[in-house]
């Protein structure tokens, strides 16, 4: 029977396995293990097939300990276009400015934290003093930037050119464009508000669309890796509605379920009905915390690629 | 013992209950039932206390059958400020323009849907012909609008003034401002891209911040209802970081869990550590599909208020 | 197009709605609201079609405030066969013995609760003194029961005959058999262990299978309502593997997702591949907390039935 | 400030990492990555501290490709007491009897599968012919067993002694007791029903309690690893209510959230309020699919132990 041609290969673990060897064992299993191994295969194929590689980054990834992974992915050419949330950029900049996040606990009295001026992101703690440093530095940078009309992408490049040891800085150096459609929904937005109380900024809402669409039009083949959902996922996918293309490869790492109906949990199969993902695309969703699945995928893929 | 002073009152159901009577029975129970009853109490208190009522709307609510609820909440003064996603506005406008969504199924071949030009949102189907109507109408409206520099809020008001039977139309008539920080991440954004290929639009990214902050500063007391998370939740909450205020009442209806660390699933208690929600605020999270919990809360609250 | 024949009917809320009127409004919507309305329709059909009605009860339902609902469902002939967990029976018996559960909070120091001898079930608190009463009463009852060889079902009937104001008591009076395959996994099991240190009990593990299979074989039509998953769900469904039948109607209320692969979150469609649920069965899964969905379904159904 | 003493160490990935090296990098991060690393630390400590190691196994683990991992854990002395579901034993026996599971897909017409006599477990397919083999073999084994009065544990040992290449066989050889409180809720239960139509079996429901309690009483230190929740988790934990002990180490890998209130998603902190887990126990919950987290933990721990 055609549906019974691939027997489960039960995983065998040994005491000296590399990450990719573990992933290869997962490849014989089903459920999450099978999907994780499939994600590695797709990510590898996406690279070998010389796709334009989009990366959608949501969730609390940079505060939780993933900022070097993102930076290195950009540095090593695993990301061609980054779309992310303001929060991921802000928390990365905080560390680039010398601040830091701490391991905390979710089992704590939040009012007591408030009294200590510590902000909590589940089990991550952040002193408000680091936000103060961030605010001052960002205001200085806004002041320093030539106030021509620009889009959000250009603004982020300008910031990146001034903060070397950051995701934005690495992206600027590598000519990887960073898009952040909801930039005003972040501490950068709050500082822009303060800044525009007295000064002028000229950041156009729709200006980025043209540049983003040009990238999509010019891409020969396309691949997308989505960390979480939100605006980055939708923004990357929607571009394919108005282009004659659709994604050839797509991976999403998410904790959301499809049943709720929101875009963040929507299957990549659903995206085929919209023409966002190609009919014959290779696609997989890995359900679970991306702080676990992303490092595994990255380690396995760079082991396969040799760097 | 102080922790044992409120015995569970087991729910008693009868065959002629109103929604509020059911909710009152839930008030004696624990888990989700108890939290749902608490949400109704808080929403009622938020109204009686004459708060400025913020409403954050994410998820697939307008396509799934909730657009009249939102419209009526605005019309009946239950919402003072609406922050939402582009998708919720787009799918509402599609219906206002004469299109419609259909009940479908998630158990279907998405490629076959693609061939029929039907887009799927979990178990909602939408013919692409309705998008075509939307696109033409929006381009006409963009053409009609005075091209002065504006913010997204002003752009949405302009659209609302031209589409009566819509959420934006009702909001425009009631002078309820609608914010949509990630507007470019929507079919409105895609049309703006098309439009700006030949024409000029002047929508400033940060201009809304000032108006939004003024609302926050001027509010005496504040309450927030969050449907899902995403940008609307964060945008509403972050405003309190830079004002001397914090939310006095807050309700969130979400399918996300806190453990993933993302803002969408973050507890409202966590928001206290940031000063977004007041130390003594009344707050509750109802876990579950908002297409179930929101109608119950609304029905119970308007039953209590008499309209 | 055949897939576009049922336009979403947007919900309209008013201030005097009964629960069934709200559910009927939900019937025009999609996502969870649509599924909840479908569950009510199926439950009603299950009753009108004179099915043998199986009820699988898992989760923390009796401590959380749902014990009267279950009791009344039995009393009013909405349940013909109950399969449940030991915990649901134990926490119901605790209340029948005069103990009670209290509304507490999940935001608490569990070690402090331990010091106060309070047991926690998420936001339900229970004094250990009530367990002591339970233990004494159960040991008395075990002592009182004729020690012939029996199955778990018979043991539970014997307990029911001795504790009137309980789920087991109501079931015994109504001749509704109660099955609890994992009875040893409960405080009843723990007391049985104590009891058998000095006395003899003769409860056979597989004896219930025959009675349960006879019920399945003799049923003309069958319907199942599953509250949560676990052993009750599987036990009810597996019976159909070895009978020539399968369920004609099935509803599950669950917080589990299918993606994890466990039986608790498995779709009822999956059960068709096993022959547990009929090919043409009416079936629906309502995702979410059953302390919300169950009371709504029950209220709507008894409103329709008139009692 | 005491809450700010452990800065997040951002993960650094390289192309030659072993699994344990990856886990050590995760140890500097927060959210799921941090919890997974903590689980490895606790599992290692549980072994070094010479605890009696309980293993609760729920979910679709043996069909999904994890049966060798479980078998090897028993063989290498990483499990002292196994408590599991009937399904995990049945699907392991099916493979031991020469049957196999196949990788399939969840995107399929279940009625078509039914027509092909293929049973589905999310994305695992199983031909019904393998169940037929299972049934015959189990009936032969039941026939072969001495029909003295026994408990479920003894029955499972008898089966294990007759099926070498299985989890039960490995456990029997290693003298690792296997408990399955809900054995009647499985294909073994269904076959016992068939068998007892004509023959006699004498499996006592409560007999295992004594042996299990003796193990708990005699343990010097105790550790527990829970894969999923359900009966295995509760059965292991409840034993500590009636002994003067509580678990010194506990790990759970689960896809359930605490908010639903069920035991499967309950935090291990909640178990402290019951005295099931020690006040000072080291405990952690890793949220997510155990087919991903279990292999990582096992690989990292045996890398640390050297075998």
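Letters are used for the chains, namely A, B, C and D, taken in the order the chains are written, and counting of residues starts over at 1 for each.
Methods note: contacts are C-beta pairs under 8 Å (C-beta built on N, C-alpha and C of every residue); 3 or more make two chains touch, one makes a residue touch a chain.
Since the model is a prediction, treat every value here as computed from it, not as a measurement.
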Required steps from subunit B to subunit C (each step between touching chains, minimum): 1
Centroid-based (C-alpha) most distant chain relative to subunit B: D
Whole-Å gap between the CA centroids of subunit A and subunit C: 42
Intercentroid distance (Cα basis), subunit B paired with subunit A, Å: 25
Of all residues in subunit A, the ones touching two or more other chains: 30-32, 60, 64, 113, 118, 122-124, 257, 259-261, 269, 287, 289, 291
Residue numbers on subunit A that touch subunit B, as the complex places them: 58-60, 64, 87, 106, 110-111, 113-114, 118-124, 152, 181-187, 189-190, 192-194, 196-197, 201-210, 213, 228, 230-231, 234-235, 238, 241-242, 255-266, 269-275, 279, 289, 291
Residues on subunit A engaged by subunit D in the complex (per definition of touch): 1, 3-19, 22, 25-26, 28-34, 36, 60, 63-69, 72, 95, 100-104, 107-108, 113, 116, 118, 122-125, 127, 269, 287-293, 295-296, 298-299, 302-303, 305-307
Of subunit C, residues touching subunit A in the complex: 30-32, 257, 259-261, 287
